[in-house]
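One structure, pasted below without further comment.
Think of it as A, B, C, D, E, F, G and H in the order they're written, each chain with its own count starting at 1.
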Amino acid sequence: MFDPVPWLILLPLAWGCLTFLAGIGRGGRLVVAGLIIQLVLTIILARQIVMEGARHYAVGGWGAPLGVDLYVDGLTGIMLLLTHVVALPLVVYARAYFSSQAEGASYFWPLTCFLLAAMNVLFMSADIFNIYVTLELLGLAAVGLVAAAGSAGSVTAAIRYLLVTLLGSGAYLMGVALLYGTYGSVSLAVLEPLLATTEISAAACLAAMLMLAGLLLKTALFPFHFWLPPAHGGAPAPVSALLSALVIKASFYLILRLWFDLFAPLVTTQAAQLLGGLGAAAILWGSILAFNQTRLKMLVAYSTVAQIGYLFLLFPLMTSAIPGAAESAMQGGVMQLVAHALAKAAMFAAAGVMVLSAGKDDIALLGGMSSHLPLTLFTFALAGITLMGLPPSGGFIAKWLLIDSAVSGGQWGWVVVMILGGLLSAAYVFKVLRQAFLPPVAGIKFKPVIRMLEWPAFLLALISLLLGFRSVEVLNLLGAA
Amino acid sequence: MNFNGILPLLVLASSLVPGMIIFFLPESRIRLRTTLNLTGAILKLLLIGYMLWGVQHDQSYVFRYNVLPDLELVFKADALALLFVTLSAALWFLTTLYAIGYLEGSPHRSRFFGFFSFCVTATVGVAMAGNLFTFFVFYELLTLSTYPLVVHRGTEAAIRAGNIYLVYTLAGGAVFLTGIVWLYGLLGQVEFTHGGVAATLGLEYTAQLQVIFLLLIAGLGVKAALVPLHGWLPQAMIAPAPVSALLHAVAVVKAGAFGIIRIVYEVYGIEFAQTLNLLMPLAIVASITIIWGSLRALWQDDLKRRLAYSTISQVSYIILGVTLFGPAGTIGGVVHLVHQGIMKITLFFCAGNYAETLGIHKISEMNGAGRRMPWTSIAFSVAAFGMMGAPLTAGYISKLYLIQGAEMAEMVWVSWMLTASGLLNAAYFLPILYRLWFINQPQTWLQERIRAQGRWETHGLLLIPPVVTAAVTLGAGIFADTGWSPLFWVKLVAEMEYLP
Amino acid sequence: MNDFNLLLAVFLLVNLIIALLRVARGPTDADRLLAALLFGTTGVAILLLLAFTADTLVLMDVALVFALLAAITGAVFAQRAWRMEGVGEGKDGNS
Amino acid sequence: MILRTVFLRIVLFIAVWWILTQGRADSWGVGLISIVSALIVSLVLLPLGLFRFSFAGIFFFLLYFLSRSLKSGIQVALMAARLDPGFHPNIQKIPLRLPEGLGRVILVNTLNLMPGTLSVDLTASSLYLHVLDERQSIETQVRDIEKLIAHMLCVELEES
Amino acid sequence: MSGALIYACAGAVLFVFGVTGLILLPHLLRKILAFNIMGSGVFLVLVGLGQRDGTPDPVPQAMVLTGIVVAVAATALALALVRRLLSLTGKIQFPEEPEGSGRCWKNK
Amino acid sequence: MAILELLSSIFLVMGAAFFMAGTIGLLRFPDVYTRLHALAKVDNLGLGLIILGLLFQVPGLTVALKIILIWLLALAASSAVSFLIARRALNRGVAPWKAKEQKI
Amino acid sequence: MRNLLNVLVIVLSAALGLVLIGVILESPSPARVRLSEEVLMQIGASGVTHPVTAVLLNFRGYDTLLEVMVLLLALLGVLAQMGKQKRENPPAGFYLTEPRMQVLLWLARVLVPLMVLVAGYLLWAGGHQPGGAFQAGAVLAAAGVLLNLSGLLPSWMEPAWNLRAGLVSGLLVFLLIAAAVMTTASPGLLLQYPPASAGMLILLVETGLTLSLGLILAGLFLFLSGDAIDEEADK
Amino acid sequence: MSSLILDLLLVIALLWSALRSLMTRDLFRAVVLFIVFGLLMALVWARLHAPDIALAEAAIGAGLTGALLLDTVGYLRKKQRESFP
């Protein structure tokens, strides 16, 4: 049987090297081709997971405590698939984007390849130290991409991002050190039964706190969100899209993994409620701030802050005693993750096109966009539908599942938050749309844009919208154990 | 999957696909766009005709698709659905014709017709939804696809109206969603079935079911413009006339009213709703809306605003009929869904004609327009009489059954209220007719745009639709007892709902 | 013998810590850096003593690398960090 | 001549490698590559024929160097230890007789390790020395070392 | 208490120093220093705690080697960014910017 | 054997003493040039003596040669760096400390 | 307000420190899993005799692969920044002939070949005693720094193709060997070296890594440090 | 005994240099203290029976990080001179 796992690690690395060798600003075509190959591999892998269930993969053939293990299950499959489905159109988009605007293009391709490689290895890793390395990889690649724009604002944002991500991974590594010190292993497969069977030690608790705090910092959950908007709002549009759609999700994925697998014996209902509370605060505060922005990309970036909040609602909902409620909370959380990734990528891409065309990142200048770039505006609107959680989008399915879980678990507070959040997101999405329907601001001339900028974004938005119809497959993959 | 299962999908696609293509057409491809639009509309009418025939011959058209393991997207063409589908498809066809004429030469037509088609698709989806989930999906789609139509003109006023529209409908949708999810949590599946599914729960859930009912009605009431939630509707007048026509006659308000019909009859079941004491409060709200809308209509000088308040009042007839326990009330309410649609669209077409041809927007400017535009004015008059409930018109039939229903349900105050409302209707329509026909026309019209071409008083495509609908208004009244009238169908529906 | 070596290592370390006072005193940056340079030599001595203490001769390699790279800090300082007249001798730096 | 230099360098590197690996026999595989690359690097950095030297000169130089550096260490240590370091430091300029190149560098470095002197600048013609005691004659010491270096590197001193 | 544990405790203290410095110090170069100190602290805990019984454990040592390289890489990147910021703005500190800057509550 | 150990100890102690002297010099000398004197000479001598002391403890010839190599490297480094820093100090105009100034 | 926040941070981190120390001191003496014993048991199959190298390049060679990638990424980030900056203000030239430069120049001439030798030694030593590719690479990088300081090696601008090839060579060699091993010796398994040739392969990987790590680490300095020695000419 | 003292001394020096490096007002002093800190870390690793790490720390701490930091300080000063001539 052909096993795509090692190739999914080696190939993106190889593309990264080759694009670097190819020279400045070159190699886009190679990346597109490479991503297509990887997408096929991911699909094969997903099929294998559905057929045969989750599996461990021992790198070097050494196996758990000694070597590094990889672990691939339904959730991994979803994340990998999501990564490639989002990245492929974005890469096509980026080629067009950088052909019309050179700023930040110089090392975009190798950085992106390594970013995707980092994502792949992160999702598959089952070894907490290895995860640390992948976290650093992801962080450095993302910082490099953010800073590539080269303006003072983006460099400041990149530094802030870098320091935050370093602080986060430092705290994480401290947790790893404590766990290794106490249990003598860094492999999840070894640690999990150890934590579950032995009595809870203070070291494990502290480690859990440190690791989760570090990851929360990287995920930009509410009080830690300060770094995200400038970083995501200041980067070139393809980069913003990649970061907001995928990179944030990577650390969330790890929280999910650690919370429900490794630290399952340690977590308490109060902690889950706390996370949920922070998530709720993120939804409300992020949406309000998004609404207050005057710059389009900042608005989209703050919307990411808000949307991340939804993801964290799944923690309190999962504590529900009713098994059905817990299950649909998990499903809802994952659907939200997937839907948001697709929609946010589309939204940032669309915002990028608009900014490129208007020449300036200002919502007030968007008037007339509805007739100048109808497709892009339509893309923005479709993505907005997913963010608002309106049918038939994937976001709607996610919200349905989450509300269902909250209602059947009797946790009414979260229902109110989600409903309010949906309305608030409508407020900021329509703030943009209504501006676009107004007549153009006097004196502004829109630059024409390449067609290839508009279509990939539209494709992403369409996928996010139609995801609602194919969510059974996603959930099937999630459920494959 | 057999053809019968796919048919509902085809009905949806017949407007969705042209809509999508049109959306990406360049502005200049007028002929292709028109062809697509009309092909879609005619195709849809044909398909619906086939289904009407089929339903009469006991065929069933059901399409199911699992969105989630225990959540289905269901399209079902039952009698009630077909009633609404036929109405919307027919009126869509006419409105499309009208809109082609109306928008000739104006910008952004691709966008307009794209969203126009989406809007109809959503309406058809609402009509054919086989369960509450599907209903909600298309109910929200309707909101989204109508927003661009409302703000189509792109003026500050239009945008403001659009904002108000969104605030109301999205908030309503959110409340609606909460109710739906709750109900799904209790029932597992909420398929529309005759007699209702909630009844299976039993009386120990009374309190919960009452709250859910409140949530559902509050959500639907926004679109149906029940009184405290009606604020968006007069604002939305800013939209182009075909949009207003569609919004008022078929799409938005009717979706709300239709949803209430579905909730009362096929989710709760009329008898169960009666036992839960849900009907009386709804009847009171509907009555208040009827009176309030009529009263407000009296004071409007803007023609379209007056028609809008009239809509608020008239749509609640439907809801009132629904709350009257007994077949007659049901028939009265449901048939008014169709009748009001036909009549109101006529009125809006005519209002659009006056505005487009003569530049008339206000009632005070309408003096003598009847002689300048006789055909339009005749259509307008017929529809207005229908609204008042004059004999020989469709409106008469509705009122007749409503009053019967009120008597059967032993709610005498309702028949008094209906009478009063009829008088109010007369009070706000008769002055218009008086101005049309009996006051001399001024020397020059405000801004006469479309010169009379040949023997037509206005653009042909603007004239045909109102005349046709006015004729149908009369026809539905005169031939109410034949097998093809709306009344006949509604009786069919009512029979099923009151089956033991 | 081993303990003796260790004792000497301790002594050298104390010596080194005392020399760190120069970092605080200044007055010029060069004076501050001297402490770091001293570390090159003293560190080599301490490492060698440690290497011969516990028979971990591999520490000699560490000492070798220390000695080999000791020049770099000083050279970077002289070539890059301490050039031209400062904003004000003795109190330059973070202003 | 050239071959001799190359040969000497190879020998030097082999010796260093031998010292580093402590004579392990299995190291010569990597050693060969390392030595060759070190040789290439050294040839690039320091082309052949820039200087040559005599072994006897090296020996005398080292002898002198070791004895003097011991003295210098003791001198400075005493100064540091005494509570009142009675020195009179100053900067002196000394004209150079060594030709440019390695010789001068060795001179500078040696003087840095010699008693009482610290080279502070080097120009085309002269050397600036910081001396701990300006009352002592430094020049003779410098001349001695110059001579030794000239002998070691087989160069002629320029008459100033 | 073995030597390794002493170092582990020292590592804990260094970690705390680093974290505090990274959060509180305004100067970017100092933040970078603080990050390095924090990293060293973690490495000390990793090795010190891992071999608290005195026997050398190669696994955490290998991990720390990896970690050191990562730290160097991050430091270099941070320095590059700081230098770039310096050449762009002439400053080496974060500009003070209140959250959600922009015209608040005016875009109704 | 004992004699060797004794010799070794003597040299080691002497080396340590030189280191101490170097440190004292570093702390007490008045300006950067004089401190460089202390650093370049005393500490290298200290290191040399310690290495000399350790030579009595080495297990083999190569080890001995290796530590001598280390010493040579340290010498080269510190003398060159001293020159660089001293030159830079002169360049920047750091005035050498004068004895008579102290007397005033 | 700001002060209060600072105090809060300090108090919190002090508490964190105390808890950390407490946890460290409390931790039960033997860990549950004795990984070091496991390493020693399996070391025979790893191809090297030094346990740290065995862990670094065989047992956890995957981490090392990723780590090289981390370095390369940092370099890319640096390049993306500094390349731009240097294009804006190119660094000044060199004055090698200055007599005062001679001291440093000769130091470099002597030390750099030695550093190359030591790097080779460390690389070789990695197999059985402390040392290895990283240390060797770092020493090579230091040689690069020294060359740059002495003026022999100008700061790097945009790398040409050969330099780029050198920078990625380590990762490429690693990848190629991984792919080769995966397709031939142990199909479908990542980085599983057959025990017989493991030593050889590891040495190969380490050689590649040394070269490329040296270049990358040196590059971090050489790309970063913008200016060569420029002010001597002013005087 | 003396090994314990050595450990404690090292720890004290380590913590002190780290703290001073973060607290001192003068940037250059902070960098020098940080370099010293790195060298001390190398000694610590040697004490912890981790010569591999000691080697890496010595090479990277002395050769690279120090160089990078000092170079950056120089650049910073150059910039400051340019902006305040």
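Keep this in mind: a residue touches a chain if its C-beta (ideal position, glycine included) is under 8 Å from a C-beta of that chain, and two chains touch if they have at least 3 such contacts.
Because the structure is predicted, anything quoted here is derived from the model rather than measured.
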* Asked: Out of curiosity, which chains are bumping into both chain A and chain B?
  -> none
* Asked: Which pair, G-H or E-H, has more C-beta contacts?
  -> E-H
* Structure fact -> Chain centres computed over CA atoms; the one at greatest distance from chain H is chain B
* To do: Find the geometric centre of each of chain D and chain F from their Cα atoms only, then give the gap between the two centres in Å, rounded to an integer.
  => 16
* Structure fact -> Per the C-alpha means, the centres of chain A and chain D lie apart by a whole-Å value of 61
* To do: Measure off the straight-line distance from the CA centroid of chain B to the CA centroid of chain D, and report it in whole Å.
  => 102
* chain F and chain G, separation of their C-alpha mean positions in angstrom -> 32
* Asked: Which residues belonging to chain G are in contact with no fewer than two other chains?
  -> 20, 24, 27, 31, 35, 39, 52, 59-60, 63, 67, 70, 73-74, 77, 81, 84, 100, 103-104, 107, 111, 114, 118, 121-122, 125, 130-132, 134-135, 139, 142, 145, 217, 220-221, 224-227
* Structure fact -> Among all residues of chain B, those touching at least two other chains are none
* Asked: What are the residue numbers in chain A that touch two or more other chains?
  -> 129, 133, 136, 140, 143-144, 147, 150, 155, 174, 178, 180-182, 184
* To do: Pull out all the chain pairs that touch, please.
  => A-B, A-E, A-G, C-F, C-G, C-H, D-F, D-G, E-G, E-H, F-G, G-H
* Structure fact -> The chain C residues in contact with chain G across the complex are 58, 61-62, 64-65, 68-69, 71-72, 75-76, 79-80, 83-84
* Structure fact -> So, in the complex, the side of chain C touching chain F is made of residues 1, 4-5, 8, 11-12, 15-16, 18-19, 21-22, 25, 28, 30-31, 33-35, 37-38, 40-42, 44-45, 48-49, 52, 57, 60, 63-64, 67-68, 70-71, 74-75, 77-79, 82-86, 89
* Asked: Can you list the chain B residues touching chain A in their complex?
  -> 23-24, 65-69, 71, 73, 107-108, 110-111, 136-138, 140-141, 143-144, 147-148, 151, 154, 156, 158-159, 162-163, 166, 170-171, 173-175, 177-178, 181-182, 184-185
* Tell me, which parts of chain F touch chain D in their complex? -> 17-18, 21-22, 24-25, 28-29, 31, 33-34, 36-38, 40-42, 44-46, 48, 60, 62-63, 65-66, 69, 75-76, 78-80, 82-83, 86-87, 89-91, 96-100
* Structure fact -> Per the touch rule above, chain G residues touching chain A in the complex are 19-20, 22-24, 26-28, 31-35, 38-39, 42, 58-63, 65-67, 69-70, 72-74, 76-77, 79-81, 83-84, 158, 161, 164-165, 167-168, 171-172, 175, 178-179, 182, 186, 188-193
